[in-house]
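Some structures to go through are shown next.
One chain, chain A, appears in both complexes that follow, with chain B as partner in the first and chain C in the second.
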Partner chain A sequence: MTATEQQAAGTLSGPLRAALIEKLTALADDEIILAHRDGEWTGHAPILEEDIALANIAQDELGHAGLYLELRRALDGSDADQLAFFRDAADYRSARFVELPKGDWAFTMVRQFLFDTYEALWLDAARTSTYAPLAEVAEKAFREEKFHLQHTALWVERLALGTGESRRRTQAALDELWPYAAQLFQPVPGEAELVAARIVPDLDKLRGSWESFVLPHLTGKCGLTLPDAPADAGAGRDTHTEHLAPLLAEMQSVARAVPNAEVW
Partner chain B sequence: MTTLPVTPEQVWTALAAVPDPEIPVVSVTDMGMVRDVTVDGGRVSVTFTPTFSGCPALHVIRDSIGEAVRALGVQDVEVRSTLTPPWTTDWIQPDARERLRQYGIAPPAPAGDSALITLDIEPTRCPRCDSFNVRMTGSFGPTLCKRLYVCDACREPFEGFKSV
Partner chain C sequence: MTQPPTPHPDTQWPRWEVFKQDAPGRPHQAVGSVHAGDPQHALVTARNVFVRRPAAVSLWTVREADILTATPEELGTRPEVLDTPGEAGTYHVGLKRTHKRSMTFVDLVGTVEASGPGDALRQAREAHPDALTWLVFPESGVVRTDEDPGTVESWFAPAKDKTYKQQQYYGVIGRHIGELKREGLMPGRAKEGVQE
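Showing the complex of A and B:
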């Protein structure tokens, strides 16, 4: 924990502090769960370079989760490993969008592209946060995220304009993922106050910038069609898919088997 | 037991011998990771900044910095990390760039301070034959800080530093 973090944490009122803890947890949980889904390709990706690329992307996302959880630690003294490995599904705050099984390569690339764009734009906007420790984290992570976006934007294009089969799979992935992506723009409890204090970016505005980036790419450059499926904005982040619990059972198994391990 | 006080210069010299665990031809000071050294009586405080936030070598780097300072006879060592200002490949020293090149890793192009999300890829030169006639074969490499290329002039595959 840095001096800036400790100092800044002391300046937040009770309700803002609680809302920020909730928001940081949601941000970290999306990264942890998506990183695990990406990690499931290690040893299974279509070509060696992509195996390496996706493992790198997963590692970056875990790094970002670590940064967010450090910020949370300054607010409530919680421990990142405890939160990642000893919390049950009901206490996770991940979006259903990142919980869905990894699917085929097109599904993984379309999801990662939609997420990377959202994350890069969120971080870009969060660089001006009035909460200095968050602005520092955003500045750091933003520089890493642009490499993901370059990579996944190219993959979506390559698959959409590739063979008939790759196009069919890419369109099917978009059809399934599009409604779920709406949940990324759903605020956590207390987020309106955080936005008013200019601690986090406004998700409504962010959604506008996200659409003006992803739509020309998907429907223009890649020639894909947007589904008219309704957006999944219903339940909040305390409602999960049936896929989260089995994912956590696998991800947490080693840590829970040897809870006091100091050397791995 | 009393120990002789060390100077900040001695600490910097000691840190210049701490290798980057993933690229041993350069040190943590060559990489621009050490941001500050303060000596207050018998207490030494070193501030470093991570290259990539998910870098698995961070713990090793932190421990190696502490050990290098303790090897000077200092008992009270504090190693702190900071994210501000964020690390950039522009801080890699010119002689270290040359050592990277000789090691077969293309040094990073200037990162600049462009804030825009861009899909353009920076120009890279083959570390063996200096040709710009190179192709990126993987936008990610064996470590978070590198990408994979092949040179179409000399046909050699090589790794290149990302410009961050």
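Showing the complex of A and C:
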């Protein structure tokens, strides 16, 4: 934790600090869970090159989680490894969108495309955060996310315009994922105050930018059909799919088996 | 008896050779290859596979079918390679100059104007008679990363900030073998006059 982070953390009022902790946790948890889902392809991707590429993306996302949790540490002294490996599903704040099983390659690529667009836009906007440590982190992660987005946009296009089978799978992936994507734009408790203090971007505005990017790509360039979806994202981030607990059981098994391990 | 069908048909996408430039002013060097369905896919894939660590500023990919290579031995037995026909224009020339073990084997050294790939190879051999291998491909076959600052930053900058960890960095169960060796705890050559 840098002196700047420590100093910046000291300037936040109690409610803002609590809301920022909640927000950073949500951001980090999305990255941890998505990284794990992507990591499940390691050794199983359609070709060796994509196996390496997706592992690389997963590692980047996990790196972003590490950055967010470092920011949280400056606020409440919490430890990233403890949070990742010793919290149960009920205490995770991931969106249901990232918890869904990895599915086929089309499902993984469509989800990653929708997420990368959201994350790239969020980070781009967060580069001007009034909370300096967050602005710094956003600047760093934004560059990587821009590249992820090029990669996944390319894949969605090729799958959608590929064979009849790849098209069918891509459309099915979009049909399943689209309703869940709305939750990415659901604020956490206290987020309105963070937005008012210009610490984090406004998710309503962000959703507009997101739609004006993903819709032309999906329906225009790729010729996919947008499914009907309720505008309401449903329950908050304390409500999970049944898929989260088994994922955590696997992800946390080694850390929990040897909780006092110092070196891996 | 009829011939059985080929048991393992080649289902791979085309192969693309990847050339990486480490810094402005340095030559592009052959670093390996990727399989990809089309030029843009080849570039994106090459970035993931070859630019994770450490630095790069530019990537080129060239479809394997567009590359002509030859060693002096090959030209001795098959001189007709120098007559390989193809489009006239600018050709890039690459050379392998050493057998020394290395991360890269071929450096691009410049371009020639040629009537075809065979002619380009002939010119490469005349200009660099001592090379172990010559490699040529037409400028028209090169797919490049964009040189605008945004692309350079998102494709290449992140890798620079990442620590490249040698294998030895990672912890091992028990003690590292090098440590045991230094302390003479590993069986090796018997030391004269040492009584355990």
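The rule is simple: the second predicted complex is superposed on the first by the 262 of 264 C-alpha atoms of A that agree within 3 Å, B and C clash if a C-alpha of one lies under 4 Å from a C-alpha of the other, contacts with A are read in each partner's own complex, and residues count from 1 in each chain.
One rule holds in what follows: contacts are C-beta pairs under 8 Å (C-beta built on N, C-alpha and C of every residue); 3 or more make two chains touch, one makes a residue touch a chain.
Note that the structure is predicted; figures quoted are calculated from it, not measured.
K.L.:
Put chain B and chain C onto chain A via the superposition and say whether they clash or fit.
P.N.:
clash
K.L.:
Kindly classify A:R158 by the partners it touches after superposition: chain B alone (first), chain C alone (second), both, or neither?
P.N.:
second
K.L.:
Would you sort A:K140 into first (chain B), second (chain C), both or neither based on which partner it touches?
P.N.:
both
K.L.:
For A:A53 in the superposed arrangement: first (chain B), second (chain C), both or neither?
P.N.:
both
K.L.:
Look at A:L62 in the shared chain and tell me whether it touches chain B only, chain C only, both, or neither; answer first, second, both or neither.
P.N.:
A:L62: touches chain B, not chain C.
K.L.:
Go through the superposed model and pick first if A:Q150 touches only chain B, second if only chain C, both, or neither.
P.N.:
In the superposition, A:Q150 touches chain B and chain C alike.
K.L.:
Please name the chain, chain B or chain C, that touches the greater number of residues in chain A.
P.N.:
Between chain B and chain C, B touches the greater number of residues in chain A.
K.L.:
Of the listed segments of chain C (5-13, 77-85 or 149-157), which one clashes with chain B in the superposed model?
P.N.:
For chain C, the clashing option is 149-157.
K.L.:
Using the superposition on A, tell me which residues of chain A are in contact with chain B and, in the other complex, with chain C.
P.N.:
Residues 49-50, 52-53, 56, 60, 140, 143-144, 146-147, 150-151, 154 of chain A touch both chain B and chain C.
K.L.:
Could you list, by residue number, the parts of chain B that touch chain A in their complex?
P.N.:
Per the touch definition, chain B meets chain A at residues 50, 52-56, 80-88, 115, 117-119, 121, 137-142, 144, 148, 162, 164.
K.L.:
Chain A touches which residues of chain C in the complex?
P.N.:
Residue positions touching the partner: 12-13, 34-38, 40-41, 44-45, 47-49, 52, 150, 153-155, 157-158, 161, 171.
K.L.:
State the interface residues of chain A toward chain C in the complex, per the touch definition above.
P.N.:
47-50, 52-53, 56, 60, 140, 143-144, 146-147, 150-151, 154, 158, 263-264
K.L.:
What residues of chain A sit close enough to touch chain B in their complex?
P.N.:
2, 4, 49-50, 52-53, 55-57, 59-64, 66-67, 120-121, 124, 127, 136-137, 139-141, 143-144, 146-147, 149-151, 153-154, 213
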